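First chain A sits with chain B, and in the next complex the same chain sits with chain C.
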Partner chain A sequence: MNLSQIDLLAAGAAVLAVWTCGVTRVKTQLLGLVGQTTLLAGICVLLGLEEAAWHMLILALVVFSVKAVGIPVFLGKAAERIGIVRDRGVSNNSTLILLMGCGLLMLGYFMTPHFAVPTMMNRGAAGMALALVFIGMLLMVTRRLALSQVIGFLTMENGIFLYGLTQTNGMPLLMEMGIVFEALVGVMIAGVVMFRINRSFEHIDVSDMRGLRH
Partner chain B sequence: MSMPLSIAIHLINLLILPLLLTGIIRKAKALMQNRVGAPLLQPFYDVWKFLHKTETVSGSASWIFVWSPRVGLAVALAAAILVPWTGALLPPGWAPATNFLLVLYLLALGKFFTMLAALDTGSAFGGLGASREATISMLVEPTLVIGLGALALGAGSTDLLTIYGAPASPFIAILTGAALVVAALAELSRMPVDDPTTHLELTMVHEAMILEYSGRSLAIIEYTVALRTCILLGLAMQTLLHAWPALQALPVLSYYAVSLSGLAALGISIAVAEGVLVKLKWRSVPNFLAFAAVLSLLAALIAAAQGGV
Partner chain C sequence: MNPFLLIAVLPFLMACLGLIPRAARWLPWAGAAIMLIQLPVVGWVCLPAFTGATTVYGGFMMDGMGAAFTVITTLVAAAATVQAALLLPAERRGEHNMTDRRFCLFYTLSGLFILAMYAVPLVQHLGYLWIAIEATTLMSAPLINYHRSRNSLEATWKYLLLCSVGIAFALFGTVIIFAAQHAFADGETTMLVSDLIARAGDLDPRLLRLGFVFCLLGYGTKAGIFPLHNWLPDAHSEAPSTVSAMLSGALLNCALIAIWRLSQIVAAAGQSELLHQLLVPAGAVTVIAASIMLLRQHDLKRMLAYSSVEHVGLLTLAIGIGSGRLFILHAFNHSIVKVALFLLAGGILHAYGTKAFSKLGGVLKTAPVWGVALMAAAFAIAGSPPFGTFISEWLLLRDTFAAGEVTAAVVVIAGLTVTFIAITTHMGRVVFGHGRNPVHVVAVRAWALTPAVLLTISLIAGVAVAPPVMQVLTVLARQGGRP
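After this line comes the complex of A and B, so read on.
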């Protein structure tokens, strides 16, 4: 299979997501998210230049400023205010989760022929988008703190965004902007909820909240 | 390439580059720490000084203690000639000898003798260093073998000259190159895993093993370590350069210049990293090396999925 430049950038984003799986420091996880989203914005720019579609460049700018700068800075500030540094994860073994992320990336890679749209140029990116969604789910399942689960959610959102970007002929700018800002609002609400949880329970460790079910 | 040119380049590679690279790394590290640092050629002076000092050998040491630096040197020299760490210099007729598995395990043989010698004198620090070195090399080995195996799968041959002569998928080359850089850091006992300048015996890995050596043997060890640094970093650099197929088309001497500047850049970036990073807790070394293993695992799986180039 021949990989185009866009496929390579998508693969880089997926590898960064796998790397995030093995990291326990919240600030470093956020750095992984920044890198991943920046690569997606790069794909946006490349697509825009290829098709001479200027609205793609605007979209890249919005994605970069909201998802690669705004949200990570907000989450970093939130982590500082709540006073958390590390998320040791549910299994206490980050290497295991790293290997699981690696496996999910491969799963996405092998699913490429089933999910790629045959008429599109960058078919490899479809598998990587799928891998991002899987890894986002893995991150949400295996993290202990609400904050790093939000990072998993954003990774998943990035995967869906990447799929839409490379496998469709492009959505209207308004729709894309709407999705980006919706993610922003989601993260803001999650942040507020996190402060609330922190104030009521003095921590944001969700695995200690099982008692609420009974 | 013509025979005299090949011999000349080999002589430069074996005699000047290893200690010069060590000097560059030390100088860059000193500059990172706002020191002036020793002159660039200090490793040469050091080796010269050690060669003229009397050697002390413990009365309880056996022949292994005296012979292991020599074995290490011989093995490293053989590996330095076989590995194309500054670009392909050997004619293709050397094929069976330049197999990457042979070269990797030759280097491992040298390390095995270093560990034996560390245990031989019966000093407590030697045993400590040897046990840690064994653990690290056990963790690094899968990264090296799987990473180079991924490249071999892409090129359809385990011969290093063929691997670096054939075009590779840039993605595999970058993944493997990054994995090899991390593996080389651990294998060479450099910063995130072991501090090469430490003098606290309880934390040392490599230094603890060679604590008993002096005189000529120490000179041999210093040179061997410099040579191993060159081989491993050079191999990582060649893999990274492999990601740009345009470089393959360069004439031999310009490619040699590119390789050397790449090697120097890698050395300087290691020095910068050593200035910024802190040494890892011994417990978290496996986690650090897991990242390298995953990188080469990804490269291997992608190479397998692509079924060749």
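After this line comes the complex of A and C, so read on.
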């Protein structure tokens, strides 16, 4: 399989996501998310230049400013205010999660032929998109803190965005914008809920909330 | 004038009024009045669809399916808001930390929530459908957390997280279906449901199937199909009762209508066997699993929530065998009765200060009107004649047998039997059991009025299902899709 520039960038984003699996410091996890999203915005710019489509450039700008700057800064501030530094995960073993992340990356790679669109240039990116979705799910399952679960969710969204970007001839711009802003609103509401959880439980450790288990 | 704007005006007005903290005194009644006026407005706008006409305007389209679910949503929202005018001010007297601003915000969010739920059956673009469903999640999450107790907070977090993951899967599925159009000869792309149905034969079958499976996972989480129902009992039981009524009566339908629209595309692509293989077992398993979980409930609202899971199973089955008219009929019957039950449960929760079965009992003695209404509603939700739910469940079973899904039908019959036993036993204890003194003395009769009206509608629906009604339902289900 020949790798195009775009495939390489997509692979970079997926590898960054794997790296995030092994990180316990919340601020560093956020940095991983920023890097991942910046690479996706880069793909967006490359595609825009390739097809001389100005709306792709606008999309890249919006994605970069909302998902690579706005949301991480907001989450970073939230982490500071709540006063959390590390999230050791439910298993307290970040190496294990890192290995599972590697496994998921391979799974995504081997699933490429099932998900790639045959007429597209950058078929390799489909597998990387799938890997991002899987790794996002892994992060959501294995993280302890509500805040790092949000990071997992955003990783998942990034994977879907990457798939839409590389395997279709551009979703309607308005729809993509709607999705980006929806993610923003979702993070805002999650942030508000997080503050509330912190105030009434005095922690945001989700695994310790057991009031509703009958 | 744009008829879709006309539907949106009144809920939007309610949302705006909620921004004025000074309105706290009269807002509940204003909200109730607004939603009651909304009923004839929606009826007038939806009328053409009932005679077979389809209105298209911008990205919106009012087909039969859309019109039917718009009417159901309006009925549910109106009943919930009217009951809220009685319940919320009474509950507020016991909560000293409830400010005017927070109280009024309830109406802002309700208005927006209702608007989002109107958008779901009326949009024709798969992408906007996804956005509308995500909007319903975001608008309803703060409503669930209205009382700000520890449990409601935990339920809200679970709801937000699980539904967001689910909805992310649905987005992935939507994108894959978009990618499935690469085989179109002219290179045009579309996301309009009607166009996709018309050109379904040209879609890449492999990607279409993948996309449908992902969408089913996503929207199925939102609808509460077993085993993705995990968040549902928590959210529905911890929310204020009027919100629970809207979640159960209107929001579940929204997710199911998304599955219906997608199933139309898959069927048009000649892959009905995929629907049979996926949706029929999913529906049957949901019914039997929910009925078993119903047996061991010890909380009134949780029991109602599990009963919603069971009915979602029945509705999934209806979609699976491709019966649009039974999907509409059963959704209507379930919504009406479930809303009545949740509203009654709200009154009981307020009067007794608890929803645990162990501390409830003797409602018939302390509040006869409530007792009678509760028992009638319990029989209705368990699917006994002469209520509408009986007729729709009967017809559904008949069609399932006719479609050759004998195993599924037998499983569903077993599930319905267990459900009947579970619900009548639990409710019997609440209504007849040992008398307990309510903590609040309340204006008993007025609170049973809305549920009684809903039960009467259900009764009429049970008696009225005659050939002409089925004719109308067939017309509604046929538009914009397969017959």
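The criterion applied here is as follows: the second predicted complex is superposed on the first by the 213 of 214 C-alpha atoms of A that agree within 3 Å, B and C clash if a C-alpha of one lies under 4 Å from a C-alpha of the other, contacts with A are read in each partner's own complex, and residues count from 1 in each chain.
We take it that a residue touches a chain if its C-beta (ideal position, glycine included) is under 8 Å from a C-beta of that chain, and two chains touch if they have at least 3 such contacts.
Owing to the predicted nature of the structure, the values given are computational and were not obtained by experimental measurement.
Under the clash rule set out above, the superposition-derived model of chain A with chain B and chain C shows the two partners fitting side by side.
In the superposition on chain A, A:157 contacts chain C only, with no contact to chain B. In the superposition on chain A, A:94 makes contact with chain B only, while chain C stays out of contact range.
Of the two partner chains, neither chain B nor chain C is touched by A:113. The partner of chain A that touches more of its residues, comparing chain B with chain C, is C.
Using the contact criterion defined above for the overlaid structures, shared-chain residue A:167 touches chain C, although it does not reach chain B.
In the superposed model, A:22 makes contact with chain B only, not with chain C. By the touch criterion defined above, A:149 reaches chain C but does not reach chain B.
Of note, the Cα-centre angle with chain A at its vertex and chain B and chain C at its ends comes out at 160 degrees, rounded to the nearest 10.
Taking every C-alpha of chain B against every C-alpha of chain C after the fit on chain A, the minimum distance is 24 Å. Residue ranges on chain A touching chain C, taken from their complex, read 114-115, 117-120, 133, 136-137, 140, 146, 149, 153, 156-157, 159-160, 163-164, 167-169, 171-172, 175, 178-179, 182, 185-186, 189-190, 192-193, 196-197, 200-201, 206, 209, 211-212, 214.
Every residue of chain B that touches chain A in the complex is listed here, in rising order: 169-171, 175, 286-287, 290-291, 294-295, 297-298, 301-302, 305-306. Contacts from chain C toward chain A in the complex involve residues 125, 127-128, 131, 134-135, 138, 141-142, 145, 148, 150-151, 153-158, 160-161, 164-165, 168, 171-172, 175-176, 178-179, 182-183, 187, 189, 191, 204, 206-207, 210, 234, 238, 298-299, 302.
Residue ranges on chain A touching chain B, taken from their complex, read 1, 3, 8, 11, 15, 18-19, 22, 94-95, 98-99, 101-102, 105-106, 109-110.
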